[in-house]
Amino acid sequence: MRADDPSLKRIEPPTLKWHEKVYVPTILQGLAVTGRHILGVAVASQQVTVQYPEEQHVPSPNYRGVHRLNKDEQGRVKCVACMLCATACPAHCIDIVGTTAPPEWPDREKYPASFVIDELRCIYCGMCEEACPVEAIELTGLYDITGLSREEMIYDKAKLLSVYDVTRDAEPMKYTQVPAEASAPTRILPPLSH
Amino acid sequence: MDVILNFIGSVLGMTGTYAVLFGGLGTYLLLPHRHGAIRPRAAHGAGLIAVALGLLIYMTYWRPPGLLLPAVFLYVFGATSVIGAVLTITSRDPVASALWFASVVLSTAGLFLLAEAPFLAAGTIIVYAGAVIVTFLFVIMLAQMEGKADYDRAARSPGWATLTSFIILWCLLASIATLKTGEKVGTGIHHLARNRLEPEKQLLRSRDLEAYIGSPDANMTGVVRRAVSPMSLVADARLAEGEAADNPEATSVLVHRPNVAGIAASMYTDHLASVAIAGALLFVALVGAVAITNPRMPVRPSSSDPAQRAAVGSVRP
Amino acid sequence: MPPTDIFTLEVLRDYLLIGAALFALGILGFLSRRNLIVMFLSAEMMLQGVALTLVGFGRYHGNWTGQILTIMILTVAACEASIALALIVILYNRRSSLDVTLWQEIREAGVPATPASLISEEAEPVDAAPGPESYPHLTPAGVEPAHPVEPWIERRS
Amino acid sequence: MLVLIGIVIKMLVVVGVTQGAVAYLILVERKVAAYAQDRIGPNRCGPFALIQPLADGAKMLLKEDVIPGYVNKPLYLLAPLIAIVTATIGFAVVPFGPVGVSAPGVSLPFGMGDYKVDFQIAPAIDIGIVYVFAVGSLAVYAVILAGWASNNKYSFIGGLRSSAQLISYEIPLGLSILPTVLLAGSLDLNAIINYQDALGESLPFGLGSLGFLGWGVFTCPIGFLIFLTSAFAETNRLPFDLPESEQELIGGFHTEYSAMKFGMFFLGEYLHVITVSFLTVVLFFGGWDLPGLSQEQVGWIPALLKTGVLVGKVALMIVFMMWIRWTLPRFRYDQLMDLAWKALIPLALVNLVAMMVFLQATRS
């Protein structure tokens, strides 16, 4: 596009008035703004941050934290190993090995023998959650996932299911129940044995 | 013939001659140029040794003031200024040159302090070290970003230049060496009031303008009289007499008045014309510098296209 | 007994000696160096030598004249520096070099020019930088990059 | 001899106290930054994070010191030294309390006589403020050398910017104090304080009873504004921190410095902040002057009181500089130069001439 293209709309910068040109009154206004903030925190404790290990921040209901694999009413994993989430994942961090469902599970053909998510590769976009036809995979509000090695951060099926157990009370499944307005803070994940 | 031989003999008799010889040889070796078949590193080592020898001999000429601290500072500042001067002119990297010159300026300021000229010391540091050298560094860094240039590694006829300058130095030494303490000038030389109280014998003063103008216009004369009356001298003399009378020890420091007040009083009474001239000079230099670096001038005439050259001049900044 | 001043004739002579050395070395630098900026630094060094002499004399005689002359020298030096800097910037813009021998055509009539061959012959040899200039480049993901032995030395000499 | 020992003791005290103050200033800066951004800031090390400076210092000392292979080594090592030395020696003429006749004296044991305790390392230097400017003008070398010796484009651009900036802003800085100096008739910082004190008490129409109207900020407010602006530029503080702008120059001149060498630049910057705050307080806020304090009061209690007042004013000034930091965005480079050459220098000249005319008209 040329610089003199007629379809270009030129926007002039605002012309400064004299009291803006001498800087001083506007600087005083700015000082008043920052001064309010400084005094607000120093005197009235109006800070927006929390003291993390002692107080826990409760994220908003649509926060996208660590994944969980949901269980149905009988305690079975809800996933039917359809691979839609792995296909939808832009980071290719989901690895599913499906196998034929046992005969006592009449409602599905397959279930995941292994379901592994690399939490270090995941970009927490929530596409898997949207792709899932049976609401099996969901992103929870847990944000404090840590690990001492890369292997520890690769979550397998057992660990993902245990995330569901931990967060079941605080965050009910999104499409079955209405989420509570302000849920209780979630606890730290207990260490898992592989 | 005898005259020439006598002259050579007396020249060789001066220790200053050896200082000049060694210093000249060393500086010649240190200057950037091709030393024939000698490896540069060997030549530079020899040059350093020769310069150090010359400086040591030169320093035997110096006579420190009586107190310990001023003596130490005199030797330190003197040596650093001379060493810094040698390194300024022999460094291949112009940035290093500028920094060594900064060390020269700083040690000179130290010598000013020893001579009880603190205002001048601070002024020198502000003007030279703080402004001049920094702007020069700015230009060097912009102009020479790719290391040592060809012309920094080649001096122009270093031999002749060294010879010329060190002959000048030897002449200066010979004339300074004739300053003999207390013999020719007289015993009264140590006295406090040396020639302070004889203003008529000093340099031409601005107040002499009054006589030169000699105009019948009384108003003009009045202006001149009021502006250039030599009050600093009178005040100095009164002060010196007064203090010498009741406190002889205080007069060991010669300059009684506060440095700034003294300089200012003298500058705006005795040297008013010089101040005016200096102001005019600064103004002319300001106008000149602005006029020279006109950004509308064609900067690179190597591009032979006249249209492009015209465009350079008319482009919006 | 008259009060003694520590700034005796001998001390004055020290100042004169140091000033003379600075002056002579400044002449040497101005005559022999080819970098415009180093030449101007040498000129300023001559001024410093003179200033030292003046201050010494002024202190010895116990008047302010030496210091005031030095202030005038400072003024002149500041003017000189500004004009010189402006000139150097203009000259650099014309030739892209700070070499003073590139401006031989503005010498006085009748003075022989320094031949260019002589100047380039006199240049001191410089130690060649080891190896070509090379920057590390990105390897494909997952492949460990090859480490040179001295990774930084090759970058710039 | 006694004087020499006194000076050495004063030097040790001043250097020790200022270096310690710098450590805690960094804490204060982090706290103010946090408050301005609605955070809490460091609060883990001890009560009110008072041990945080020690932790920071230990971290600086124990970090791995990396010297890149491509730097110009002598200059690279010299630059942080220059930064810290030039920042420290400026304190030689700064008065920390009463000096001269109002300074308290102590009588020494063993018949060694009386000793006057001046709250200044080098008292009775009549070029005081010119000395501070001379030393301050050397500080630019640290930045330039660091930028040049690092052999790195970002550092180099930072060094170039700073050389132009510091040279430009020295002029309005020097011009802006001249009206105050003219009023007081001396370059000595003590004389300037004493003049402000005396002027404040001698004002007509009952204004003298207020006591603080003789401060430089009331007698030449334009000079104060120019001085404050230029001082921010000289100390590389935030509206003018172009040499080290983190966003576009990734730290500028100290990009290549690590561990204690970086810490020395940091120390130098904060020492500059302290010096500039002292100068501002001495020149424009009457130094130790408060209503009720005057230069005739002799003795230890008024002396310590005056020192406390001075240090308190300086602390307020420093907090103000930090406050400004989180208020104003960084200037663009051409705006910076325009501000110096087209606004501040003409304004300072006009201010100076106006003060000269006023003095000539009233005093002759």
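For the reader, a short list of remarks on this structure follows.
As written, the chains take the letters A, B, C and D, and residue 1 is the first residue of each chain.
Everything below uses one rule, namely that a contact is a pair of C-beta atoms (placed from the backbone, for glycine too) under 8 Å apart; a residue touches a chain by one contact, two chains touch by 3 or more.
Computed from a predicted structure; not experimentally measured.
Least step count on the touch graph, subunit A to subunit B: 2.
By C-beta pair count, the most extensively touching chains are B-C.
If you average the Cα atoms of subunit C and of subunit D, the two centres end up 32 Å apart. Centre to centre, using the average C-alpha position, subunit A and subunit D are separated by 48 Å. Once the centre of each chain is set as its mean CA position, subunit B and subunit C turn out to be 14 Å apart. With touch defined as above, subunit A holds no residue shared between interfaces to two or more other chains. Among all residues of subunit B, those that touch two or more other chains are 119, 123, 131, 135. Along subunit D, no residue makes contact with two or more other chains. Those residues of subunit D whose C-beta lies close enough to touch subunit B in the complex are 75, 125-127, 130-131, 133-135, 137-138, 140-141, 144-145, 148, 156, 159-160, 163-164, 166-167, 170, 186-187.
Those residues of subunit C lying in contact with subunit B across their complex are 2-18, 20-29, 31-35, 37-38, 40-42, 44-45, 48, 51-52, 55-56, 58-65, 67-68, 70-72, 74-83, 85-90, 92-94, 97-101, 114, 119-126, 157. Of all residues in subunit D, only 32, 34-40, 43, 225, 323-324, 326-328 touch subunit A in the complex they form. Within the complex, the subunit B residues that touch subunit D are 95, 99, 102, 109, 118-119, 121-123, 125-126, 129-131, 134-135, 137-138, 141-142, 145, 258-261.
Those residues of subunit B that touch subunit C in the shared complex are 27, 31-34, 40, 58, 61-67, 70, 74, 78, 81-82, 85-86, 88-89, 91-92, 94, 97-98, 101, 104-105, 108, 111-112, 115-117, 119-120, 123-124, 127-128, 131-133, 135-136, 139-140, 143-144, 147-158, 160-162, 164-166, 168-169, 172-173, 176, 179, 181-182, 185, 189-196, 202-203, 232, 236, 244, 248-249, 251-252, 254-255, 262-263, 266-267, 270-271, 274, 278, 281-282, 284-286, 288-289, 292-293, 297, 299-301.
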